[in-house]
Amino acid sequence: MRLETTTYLVDKFSAVRNQTLALIEPLEPEDFIIQASPDVSPPKWHIAHTTWFFERMILQEYDDQYTVFHPKYNYLFNSYYNSIGPYQPRHQRGVLSRPTVEEILAYRMHVDKAILSLLQQKRETPVQQKLEQLIEMGLQHEQQHQELILMDVKYNFFVNPLLPAYQNKTESERTLGVDGSPTFKRFEGGLVEIGHDGQGFAFDNENPVHKTWLNPFELASRPVTNREFLAFVEAGGYEQSEHWLSDGFHIVNQQSWKAPLYWMKNEQGEWSVFTLNGIKPLHLDEPVCHVSFYEADAYSRWCGKRLPTEAEWEYVGRQVEQRGNLMGEGSYHPRPVSSDLQEMTGMFGDVWEWTASAYAPYPGSRPLEGALGEYNAKFMCNQMVLRGGACVTPDDHIRETYRNFFPPDKRWQFSGFRLAGDL
Amino acid sequence: MRLETTTYLVDKFSAVRNQTLALIEPLEPEDFIIQASPDVSPPKWHIAHTTWFFERMILQEYDDQYTVFHPKYNYLFNSYYNSIGPYQPRHQRGVLSRPTVEEILAYRMHVDKAILSLLQQKRETPVQQKLEQLIEMGLQHEQQHQELILMDVKYNFFVNPLLPAYQNKTESERTLGVDGSPTFKRFEGGLVEIGHDGQGFAFDNENPVHKTWLNPFELASRPVTNREFLAFVEAGGYEQSEHWLSDGFHIVNQQSWKAPLYWMKNEQGEWSVFTLNGIKPLHLDEPVCHVSFYEADAYSRWCGKRLPTEAEWEYVGRQVEQRGNLMGEGSYHPRPVSSDLQEMTGMFGDVWEWTASAYAPYPGSRPLEGALGEYNAKFMCNQMVLRGGACVTPDDHIRETYRNFFPPDKRWQFSGFRLAGDL
Amino acid sequence: MRLETTTYLVDKFSAVRNQTLALIEPLEPEDFIIQASPDVSPPKWHIAHTTWFFERMILQEYDDQYTVFHPKYNYLFNSYYNSIGPYQPRHQRGVLSRPTVEEILAYRMHVDKAILSLLQQKRETPVQQKLEQLIEMGLQHEQQHQELILMDVKYNFFVNPLLPAYQNKTESERTLGVDGSPTFKRFEGGLVEIGHDGQGFAFDNENPVHKTWLNPFELASRPVTNREFLAFVEAGGYEQSEHWLSDGFHIVNQQSWKAPLYWMKNEQGEWSVFTLNGIKPLHLDEPVCHVSFYEADAYSRWCGKRLPTEAEWEYVGRQVEQRGNLMGEGSYHPRPVSSDLQEMTGMFGDVWEWTASAYAPYPGSRPLEGALGEYNAKFMCNQMVLRGGACVTPDDHIRETYRNFFPPDKRWQFSGFRLAGDL
Amino acid sequence: MRLETTTYLVDKFSAVRNQTLALIEPLEPEDFIIQASPDVSPPKWHIAHTTWFFERMILQEYDDQYTVFHPKYNYLFNSYYNSIGPYQPRHQRGVLSRPTVEEILAYRMHVDKAILSLLQQKRETPVQQKLEQLIEMGLQHEQQHQELILMDVKYNFFVNPLLPAYQNKTESERTLGVDGSPTFKRFEGGLVEIGHDGQGFAFDNENPVHKTWLNPFELASRPVTNREFLAFVEAGGYEQSEHWLSDGFHIVNQQSWKAPLYWMKNEQGEWSVFTLNGIKPLHLDEPVCHVSFYEADAYSRWCGKRLPTEAEWEYVGRQVEQRGNLMGEGSYHPRPVSSDLQEMTGMFGDVWEWTASAYAPYPGSRPLEGALGEYNAKFMCNQMVLRGGACVTPDDHIRETYRNFFPPDKRWQFSGFRLAGDL
C-alpha cells in the first residue's frame, strides 16, 4: 500500500511538474515578467512559487540534508504566509527581472530532484503518510497555479495592443445550435448533506460533511450562453441600475463596463472575443465567460431568476458525471453547449459557475495546522463561491465539493453561471 | 379597526417625528453641517432626508393637492434611490451650507402637516392600508436615522480636537463586578425556523420564515467585555496576523488600528473612551463597543471560539425577552453587564452583535415593489449581519428577526459581539 | 511721530478688523463651516486664524499680562507655522463645528481689546517700532484673508446645487463696447530696477530693489476679455494639445475643463457665469477671470503671444496710477474694460494677472526672522507669480511690487491675464 | 563640406547606435521589460523608441520608398508627441512583453539600414541640410536615452531585493582626501550673456543668446560631497522643517526620506550605496548624488548658502574646460573630488548640478517647427534646471549652455549640486 502510494506520487509528481513546463512552452522569456494588474502574477513567479512551496513546506521540514537553493527566494516567492515571514508585496511581483527564467528552471530541477530523492527514502509510516499528504497538497497547489498561469497570461496579453495569441489550436466547428430558453430541472431539496467526506484529497475548506436544508428549487440544464448574455447587453442592461447590486453598479460605472471582459465590438457593431487562441468572432452558443459575480447576479435578476446557492449546486452536482471541457482538452476556451438540453450539462468544465453563496467556513470546519492553515481560511470574507471547474482546470483537480472563490468584482478567471429559481 | 390604526399612526407619527427633534436639541447650528468621513452624514441631511422620504414616497404619490416644498430637494435629499433619479453624491453631503437648518425645520413642519392631514382623509380601505403601511415604513426609516444621527454626531465630535460632549448624563455607578469567563449555554439546534412571519411590521429582508439546520452549538450568556477585549489588545493581538482574516489584517496595518474606535490611551498607559457623554475612563465591565467584524472575528479565533451565525443568534433570541439598554434609557452608551451569568443577557440593546453571516437574501424572499425595492436588497453583498439593537436603537424598533448590516471594516456603529462554539 | 503712528495704527486696526466683520455679514452660521475643497478654508477658520495671528505673534510675545483665550486654539488656528508647533491639517479645517461662530467672535473681541490696550502702553521706541511693524503685518495678513474669504465663499456656494448668492449688488450696466484687438504698447526695456525699496510696508518677498535686463517688449493695454477667451473656447482650444503645456493638457483632460471656472452653458448654448452676486449672463467685455496659469498660457500661445514676465509687468506697472476696481467698489466682480485703449488700463484691480515668472526669491533677498520667515519663503517652488490685485483686493493692500502666487492649476482666485510679445 | 558632413554623420550614426547596443550588452532579456516606477521606462522601450524617432521623424518624411516596419509601433513607441497621434500611456510601458527584444533589435537593423542608405542618396542641398539636422537631432536624442537607460536600469535593479549589479568595474581607489570646506570663488557678474549662439548643435531650449544681469556672487569650487551631506543627515536635517520648502518637507514625510536615494544604512550604522557596479561603502569624498532639488535646496539653506541660478552657473561654466567624468569613463559613478580646490572643478561630469532656476523659455526663444516643437517647450513648468552633465552623460553630448530639467522631487537622475552665495 505504501509502495503503491509512493509510486503513484512519484508518477503524479513528474506528471504535474511536467504539465507546468508544458504550459509555459509557448512563452518567450519576456512574457514571464509581466504583471499587467495587481491581480495577476508573472508566469515566472508562478513557476518559482510552486517550487518554493515544495522546498519550504516539505524539504526544509523533512529533509535534514537539504540545502536551500537561494537565501532570498523565501522572501521573493512566499505568496502570503505571514507565519513563515515577510514577503515581496503581491503588486510588486512584476518589478523583478532577476532571478532569470533560466535560474528559476534550475531551481525547479534542484527541488524536483530533492523531492524525488526524499520520496525514495525509508521512514516510519506516520511520517511517511504526512509527507505524502504534503506532496499531494503541493501538487494540488501546483495545479491551481497551472490554471492561474493560463488566466494571467491571457490577461497580460490582452492589455498589449498587439493582442498576441498564446497558442493557435483551431477548434473544430461545433456549432450545436442552441436557441430557445434553457430547460429548468426541478429538485425537491429537503434536508441534504454536502461537503467532503475525507475519502481522497480535498482542501480544508471542503470539510466536513454537514447537513443543510434546501427549499424546492429549479436549476438550468446548461449555463447562460453568449447569445443570452448579449441580449442583456443590447437591451441596455449595463445602464439600468435596477438589476444591479449597489456595489456592482458602482463598479460598472467606475470602470465603464459595457460587456464581459475580453469582448470587443468593432465599428460595424460586430462582437469578437479575445482568447488564448487569439481573437475569434463571438460564438453565440458558448457559455458566457469572464463575467463578475455582479454581472451574473444582474443578468439573473433581469430575467427573473437567481443564482443557485453552493449547496443547491453541489446537491445537483453529486448526481452528475464529473467530466467536461477541462484542461486536458487543450483548447482553454469554453465549448458551445450541446443541444441536448434535457439533462444537466456542463456542470464540470467550460466555466466556473458563480453561486449566490458568500465564501464562509462550513459548520464544524477546522483549518489545517501550521502555515497551511493560511491556505484558505483567512480569505473567508468578501468573496463568493464558484463551482465546477473550467476549461483551464486540470482534469483530475475538480470535485463536486470543490469550492473556488473570488471577490465579486473579478472577471479574469474563466467564470460564467447557470440560472436557478424557487419553486 | 381602521380608526384605531389611524389613531395609532397619528400618535406614532408625532412621537417619532418629535423624538428626532429631541435628539437634535443639544446641537448648535454649526454641528448640523459636519461630515467628518464619507460614512457619516451631517445631522441636517438626516432631518431633511427623513422628511423627503415622506414627501416623495407618500405625499407625491397619494396627495393630489400636495405642492413640493422646493424643487431641488428631491436631488439634495434622495439618498440612493436610482429609480427616483440622480442625487447629491453621498461623500458630498457635507459641502452644503444651504438650505439652512431653519429652512429644513420649516420643510419638516410643511410635510408633517400634510401627512397628518392626509391621514385624516377618507379613502378606500386597500388604498388606506397601503398608505398606512408606507407611513409605518417611513417611521421605521426615521428611527433608523435617529440611530444614525447619534452614531454620526459621535464620530463628528471625535475628530474635533476639542472632543465636545453631546450631552452630560452622568450615569449611576453600576459596577456589577463581572470577572471570570462567560457562561456558555448549550443548544441542540436541529431543523429550526427563522425569519419574520408577517405579523406586524418587518423590513423585506426579514422575510420569509424559512427552515434552516443548526448543528449543536453553544452561545455565551453575555457579550465580550472591555476587560476581555483589553486582554487581547495587551497581548499584542493587533500585531499577530494568525488571528485575522487577510482583509482584516490589511486594514489593521493600513489604518494603524491598535484598539477599538474611540479608545484612547494616555501617557500613563490609562485607557479612556470617548462617549456621547464626553470622555470617560474605560469601564472594564461594559460590553466592548465600536469594533469591526474583523476585530470581533479575530478576538473569537484568539480565544478558540467563533461568532454565532445569524440563524443561531435568532434561534436563541426568540427564547429571550426583548428588552434592554435601548434608546429610551437615554445614556446612549452600553451598560456594565450583570453578574448574573446563568441566563442569556444583553441580547437586545447595549451593542449590536456581529454574526458570522454574510448579508444575503433569505430563501424565497422578495424585495418590495418599486423604489422601496432599493431599500435593502441592493446592499446584499460585502456586508455582515448584526443582531439585537444597541443603546442608540429606539425601543420599539428592534425584533428578534431584525437584520442590521455593515461592511466588515466599519466601526462607527455601536457594535460588539458575543462568542459561540461548536459542540 | 510715534503718536501719529500709533493713532494711525489704532484707526487702521479698527478699520481692517471691522471690514472683516462686514464681509461675513451676509453669511448664515452654517456658511461658516463649509470647506468644499482642500484649497479653500471655512470662513470661521479665516476669522479665527487672523485673530490667532495677533494673539500668537504679538500678544504672547509682547504682553506679559495676556492670558491665552483657549489652550487648543494654537493647534486649531495655526495655519502652517512649523516653528510654532503642530496644527490641524489644512484639508481637515472643514470638520470642526466647534468652537461655534459665536465663540470665535468672542475670541476676536478678547484679542482686539488686548491689542488696543497694548498699543496705548508706553514702551521704549525700538520695541514700540517692532510692535507696530508686527501689527501692520497682522493687518496686511488679515487683508489677504479678506480676499480669501470672498474667494472661498464663492467656491463653497458654487458647489452647492442651490447656487446661493452672497450678495445682490446689481451693477450699473457699463457695457463699454470693446471689440477689436487690444492695443499693444511698446517698451524699450534695457537694464531696469524692480522690487521694493523699503519705504512703507512690503512683504519680504518684494525685497530688495534689484537690477534686471529687459529685451524690448510689447504689452497689451488691457486684459484679455471674455469675448476673446470665448473665441478660444469655441475654436476648440481646450481640445487642441498644441497650445498647452504638458502638465496643463493633462489636467484639462483629467478634470474635463471646457471653459474657465464658474462659466456655465445651458442647453441653448448660452453662457452664464456664477458670481458673488448670483448667476449673470456672461458679459463679453469683462476681463476673463478664474483661469489657471495653464489656460492663460495656452490662450497666449494660441494667438501668437505670450504672458509678460513679472519684471516686465512691474516695469510698466510703475508708470501707471494705482487705482481700479478693488474691494472698495463692493461688487466683487471684474468690470467691463474701457473702450479707451490707448493707455494701459486695468493693471490694478479687476483681475490678478498671471505672469510667465515662477515664484522665486529675488537676488539678495532675506526672509523675515523667526516664525514669520515661514510666511512667504517656503512656498517658492511650483507656483507662478500674479500681479496687480483684483476686485476682491482691499484698496490699500496693493502695490506695483506686490507678488501674489498660486500653483499653475488653481483657478478659484480672481485671476486673468494680459498679453505680451517680443519686439 | 556636404560630403564631410555626410561622412561625419555616417560615422556618428554608427558610433551612437552602437554605443546604445554596448550599453544593453550586460542585460538579460528579462531586464528589458521592467518598469519599476512610472518615471522609468523599460530598456526595451528605450531602444525601440529611439529607433522609432528615426523612422517617424526622418524615414517617413524623407524616404518615399520606406516601408514602415510594423503598423502598431507608431502607437507603442511614440513617447509624447500628441501632434503625431495617440500613444501607449507612459506608466503602461512595462506591461508589454511583445514585441520581444529580438524583434526590436531587428527593427533597429531595419531602420539603421534605411537611414544609412538615405544618407548616401543625392538630393538638393537645402533638403540635405534639413535631413542632416534631423539625423543629428535623432542622435542627440538617442544620447539622452543612453543616459536614461543607465538611470532606469539602476532604479529597476534597486527595487529588486537581489540588488543585482549592472557591471563590475572596480574603480581604482582614488581617495583624494578632501576635508575642510570648499573654496568659494568670487565673481563680479554684471550684464552678461548666456544661451547658445547657433554654432553647432543645440536644443531649442538653449537659444537664443541673451543678456542677463548678475549681482556679484560666489560659487563653490567643487560640488557638495557625501561627507558634507552626511553631516546634514546626521544632524537631523531631514526632520527639521526650517530648512525645507513646504512642498519638499511634505514629500520628505510622505515618502519617509532619510537620506539620498540609493543610500543604505546597516544595523551597525554603516552607510553603503547602491551603484551600477553593485553595493559599495559610501565614499565620503564623492560628490553627493541622487538628491532631489528639495534636498539640495534644504542643505544649502542649512549651511547659510544657496543654489546658483542657471545664469550664474553658465557664466562660470564658460570659463572652464568642458571635460570630466562622463560616460566615456565607463564607471557610471561619480569620482571622489580632487584635493586641488583652488580652481573650479567638476562642473562637467560626475553629477548634474541643480540650479535655483525654474525651467522657462529664454527671452525671444522659439520652439522647433512641427512635432519636434513638443520636444522641450511643453515641459517648461514645474521643473528645475540642472547643468553640467554627469558620469552617465555621453562625452560629446554636454555643453556649457545645456539645460537639463527635472521636477523638484525626482532623484533617480544622477543629480548633485554646488553651493553659491551673494557677495
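Letters A, B, C and D name the chains as they come in the text, with residue numbers starting at 1 for each one.
In the analysis below, a contact is a pair of C-beta atoms (placed from the backbone, for glycine too) under 8 Å apart; a residue touches a chain by one contact, two chains touch by 3 or more.
Computed from a predicted structure; not experimentally measured.
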{"item": "Common touching chains of subunit D and subunit C", "value": "none"}
{"item": "Most distant chain from subunit D by Cα centroid", "value": "B"}
{"item": "Subunit B and subunit C, separation of their C-alpha mean positions in angstrom", "value": "47"}
{"item": "Inter-centroid spacing, subunit B versus subunit A (mean Cα positions, whole Å)", "value": "38"}
{"item": "Gap in Å, rounded to a whole number, between the CA centres of subunit D and subunit B", "value": "60"}
{"item": "Overlap residues in subunit D, where contacts from two or more other chains coincide", "value": "none"}
{"item": "Arrangement of touching chains [line / ring / star / complete / other]", "value": "ring"}
{"item": "In the complex with subunit A, residue positions of subunit D that touch it", "value": "28-36, 44, 72, 75-76, 88, 92, 94-101, 156-157, 159-162, 164"}
{"item": "Subunit C-facing residues of subunit D, complex", "value": "80, 82-83, 191, 210-213, 215, 241-242, 244-249, 293-294, 297, 356-358, 360-361, 363-364, 373, 378-382, 408, 422"}
